[in-house]
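Notes to accompany the following structure.
By letter and in written order, the chains are A, B, C, D and E; residue numbering begins at 1 in each of them.
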């Protein structure tokens, strides 16, 4: 992208009208700027332009120059254009002064019809089963620019179908139109050059280089940019037709990057998550890890009913009963006997309510669970909590988020803490045996999934996952972004902020909060960084509210404590994985 | 603009209304008498008489799935019928055909295909929209059940109603 | 009061109620459906039993087995009371109507009171309570409107009803219904001057006010029994069924029963007052043998059946009146006609009386 | 045996009930009903007197029953007028409570 | 009439008469009054006054009370709210009524003629319609005419009263 503000402007005539576009703009982009759409397959604005699909052909010309090197003018006083007799591709050509372009002349239309006919010669036309149907460029351009009938009588070339390119991508070579977008993506964005064309002519096929697989963490982006149904997501393949999907703009919560996404749901079932363009955060891409990280919302161990411990057993209860039970249990203790472990996966609204809860109970022990894992240089962040910055701003603690966790664990072990509130986290992250947690007189758990430790809780409050609620988060670079509700929670599970609000009201406080927007309004009134913001002002693309260089000086990074907590997490996960594998080997089902 | 229909001016005899009432009574009695004497043609006596044999070809009865000559379920679960269905009576769960299967090339088939006949309005949109000519409205019209669940036609029932449809659809032909 | 009187009265009550009126009510429903079907070129219920003759039994079972639903907002006590009040008056009224001459010397009338027709009017006027209370207790808009309509309609048409029959009793000189029948046996039916002593010219003159009287009475009976064209309290199109909208199962059945029982009673009174009761020219009364007693009863109910058919015939011919038309008809038309008719008869009367 | 005094007692009690109703209730429509009760108590006395004063022909004294007839007629007219006034009042004041319509001037 | 039936109907009349006064719901009051009137009609018939009894049912139960119900429903009068009872006024009203009752009873007890039982009639079934009619049109003709005029005046009055205000 050329730097638009400083580049000199060129005059360019598009379909007979003069416009001014900055120097360095590609013709196809210049047309797009003024609202003239030029069809394209191989061209993608974030990738290089090979110009191999020939769909973006236009007529191009330059003013005829007189002997004085000035454009000659016709009788109507306008420059006379010397049209190039052959059509040109618009995606590989930058604009130049005085250039003229025709995008809908008879020649252009003829060319587009011809290209479409060529592309469809060997295309299987299996739209009824193709997952791309409904968002397929071949379908759309065929309608807009193609012929209604095929003149092709011969047999079509048979190519391999159902080619497994990698663990997450399946290829149907018959549908491929050889645009090479995927190849260029792997080379230019993912830095993992695994794809290429082999064979010649009609028999050219896309394939992975021998001995290589398309298994990098960004492989599913090739599915997004494939203009036809050749590259398909193995996960989404044949699951649902795209026109049924309700698209909700949201963000990915799998790491601190906060890639902007579109969640596709139908009747409260999430089918896929695709990246949404935001040049400040994720460009057009997102990682496979984050993209597929929504399955846990339908896990078998999802908590569906509020539960109360009675006679040593957890019994399903209704919400008012569970909330009042939780508040009664909490009110037995003074502030320094209670610990609240919140989560960096909670939204700002929920964190604010948590901090209010802590305030009205007088709780000092409050922190979140840190998550550190190796990141990459592309999108994936080291910090796997999506809202560490939100916790840092809103919880108002004097140390780095996650640093106090081990101290809380120690206090629980020593019996100093009598009541433990786990919000959206597994209590095993504290690094102590379940039996010890079972000794706690009060152990309130609000979470999405049931874990071993959940069985020992005195009150269980089923909450919502990221796709089931509204809220805001601050990503690793200090950008405030919005989550939107794509699906309703299953069973009797409830929006987190409502649970926290009710709990807050039950222990005395938190009045006149009737929506999560109200909570955000309170945040904007109390937290300086949020001043003047509202939910609607955040917008779909977010706002930058935090410059990461200027972290508050009151937050010295407590690296050692965080590292300790993360290590316990990793150890837990390793043990869990081993147990899982052992069970799997023995053929034992989960739980 | 509304039209005001002028009220007819009635003379005193008409205003008595008696002749009109008597005439009305005569008409109804004539019908009664003709019926009693068996002169009136009555409607078809449904369960005994049916017009099954004379149903026209375009009759829109229960929708059904058909198989092709090879016994393959023609439906490829494209869900266009589910999309177009005005009362949303159709529910499809798609599945993938395993690669060892004879029809592996087709790739996709309906794992479940339910038509809720309580909802179905026999509009024929599904038949019209189907790109595979897999769903047809057949001549069954007496669809009954004791429960709501009974009234949901599952895939087996639909295929049973539909039977085999002969016709040249070369799309899934290996050669073509 | 001897035991013979009590036993015969009980037998008469049971006989007339369970052997005649109740089957007649259920078959009146069947007949209504068949007649309406025939008039509309349909067949009507013809499935249960031969020609659908067991349809009333099936209907009865259906209504018995339906869920008996009481709306939550209803006034429960009155909600239960109302359907009973709707049936009761219609059935009590039959007590004073002579439905036969004599059988084994026992007069075929349950109670031959000397204020006969007044008794009929008095009890029939209580019939409105079932409808009004039902409409009110349902605690629902449409039934309530139906109840209101019904109360005003009944009050209005009771006047014409009462005044219409005054000529009959002026001629007879007695309020007893048996004496009305006796008078008609002696002097010919009121409605049909050619029956009886047709030679008397004054009788032909008397027939004119009698026919007027008959028409006004008949129309008032239509209004009192809520039959079309006066069925405004239960107008389906306007009131979604009117006062009985919220009733189900046997409560609804009781309303239905009440309506048809009222129709049968009304027909019986019409037959007694204008068609000579159980009398038919040429057939002697019950004192000539029990077989004639039975025939007299049969003659009476045949006449009643004819009148009921007329009820149905009218229902399926005429459309419903508007409420203001109904009120105007009642107060400005039939009331005056009935009143003038009385003067007319009074003028003729001196010439007839010996 | 039932004597005249029994009827008169019933009549008296009924009259007292009606009287109490007029005194105690404030709803105009109930007061009208209580008035009816009192009138009918009087009717009962009159009919009882008529039956217990048999004239030489062995017939009851019908003068009393004629009175009853008059009372019923007048009562019916009274109720019609009373209810019409009540409806007019209700239209004007949306109430049937005598307490609310005690002012001298509307 | 047997004493048993007499007391049954007398109690019916009195109890439902009392319900009229006690009930707070106007519709319930009106319906109680209907039952009370029916009991009264039965008492009339026990006194061999069939005509008056029937007229009682016809006029009161059949017409007047329907009119009451109609008005109650038309005005949509609800049950009165249970108000703070003015005990003084209530006690006063009840007291006056009770004093009246005691007085009536006292007077009745001291009439000798009131102790008599039913005097026999010449004919058990009298044609009282004819007899009342005869009395009405002979001895009481003038009052009858006056009552007729009264009813006419009442009719005109009702029509005038219920007419809406002319605009």
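One rule holds in what follows: a residue touches a chain if its C-beta (ideal position, glycine included) is under 8 Å from a C-beta of that chain, and two chains touch if they have at least 3 such contacts.
Fair warning: this is a prediction, and the values are worked out from it, not measured in the lab.
Colleague: Touching both chain C and chain E, which chains are there?
Modeller: Common neighbours, chain C/chain E: none found.
Colleague: Removing chain E only, and moving nothing else, give me the connected sets of chains.
Modeller: Leaving out chain E yields the groups A, B, C | D.
Colleague: Which chains, if any, touch chain D and chain E both?
Modeller: Chains in contact with chain D as well as chain E: not a single one.
Colleague: If you take the mean of the Cα atoms for each chain, which one ends up farthest from chain C?
Modeller: Here the answer is chain A, farthest from chain C.
Colleague: Which chain has its C-alpha centre farthest away from the C-alpha centre of chain D?
Modeller: A
Colleague: Centre of all protein Cα atoms: which chain's centre is nearest to it?
Modeller: Answer by centroid distance: B.
Colleague: Report, in whole Å, the distance between the mean C-alpha point of chain C and the mean C-alpha point of chain D.
Modeller: It comes to 33 Å between the two C-alpha centres.
Colleague: Mind checking the centre-to-centre distance between chain B and chain C? Centres are C-alpha means, answer in whole Å.
Modeller: 48
Colleague: Would you mind pulling out the distance in Å between where the CA atoms of chain A average out and where those of chain B do?
Modeller: 45
Colleague: Taking the mean of the C-alpha atoms as each chain's centre, how many Å separate chain A from chain D?
Modeller: Each chain's C-alpha centroid was found; their separation is 87 Å.
Colleague: What positions in chain C touch 2 or more of the other chains?
Modeller: none
Colleague: Can you name every pair of chains that touch?
Modeller: Pairs satisfying the touch definition: A-B, B-C, C-E, D-E.
Colleague: Which part of chain A faces chain B closely enough to touch in the complex?
Modeller: 125-129, 133, 155-156, 161-162, 237-241, 243-244
Colleague: Which residues of chain E touch chain C in the complex?
Modeller: 27, 31, 34, 50-51, 54-55, 57-58, 61-63, 66-67, 69-70, 73-74, 125, 127-129
Colleague: Where on chain B does chain C make contact in their complex?
Modeller: Listed in rising order, the residues of chain B that touch chain C are 21, 24-25, 27-29, 31-32, 35-36, 40-43, 45.
Colleague: Sort out for me which residues of chain C touch chain B in the complex.
Modeller: Spelled out, the residues of chain C in touch with chain B are 35, 37-43, 313-314, 316-318.
Colleague: Give the list of chain B residues in touch with chain A in this complex.
Modeller: Residue positions touching the partner: 76-80, 82-83, 94-96, 99, 104-108, 131-132, 171, 175-176.
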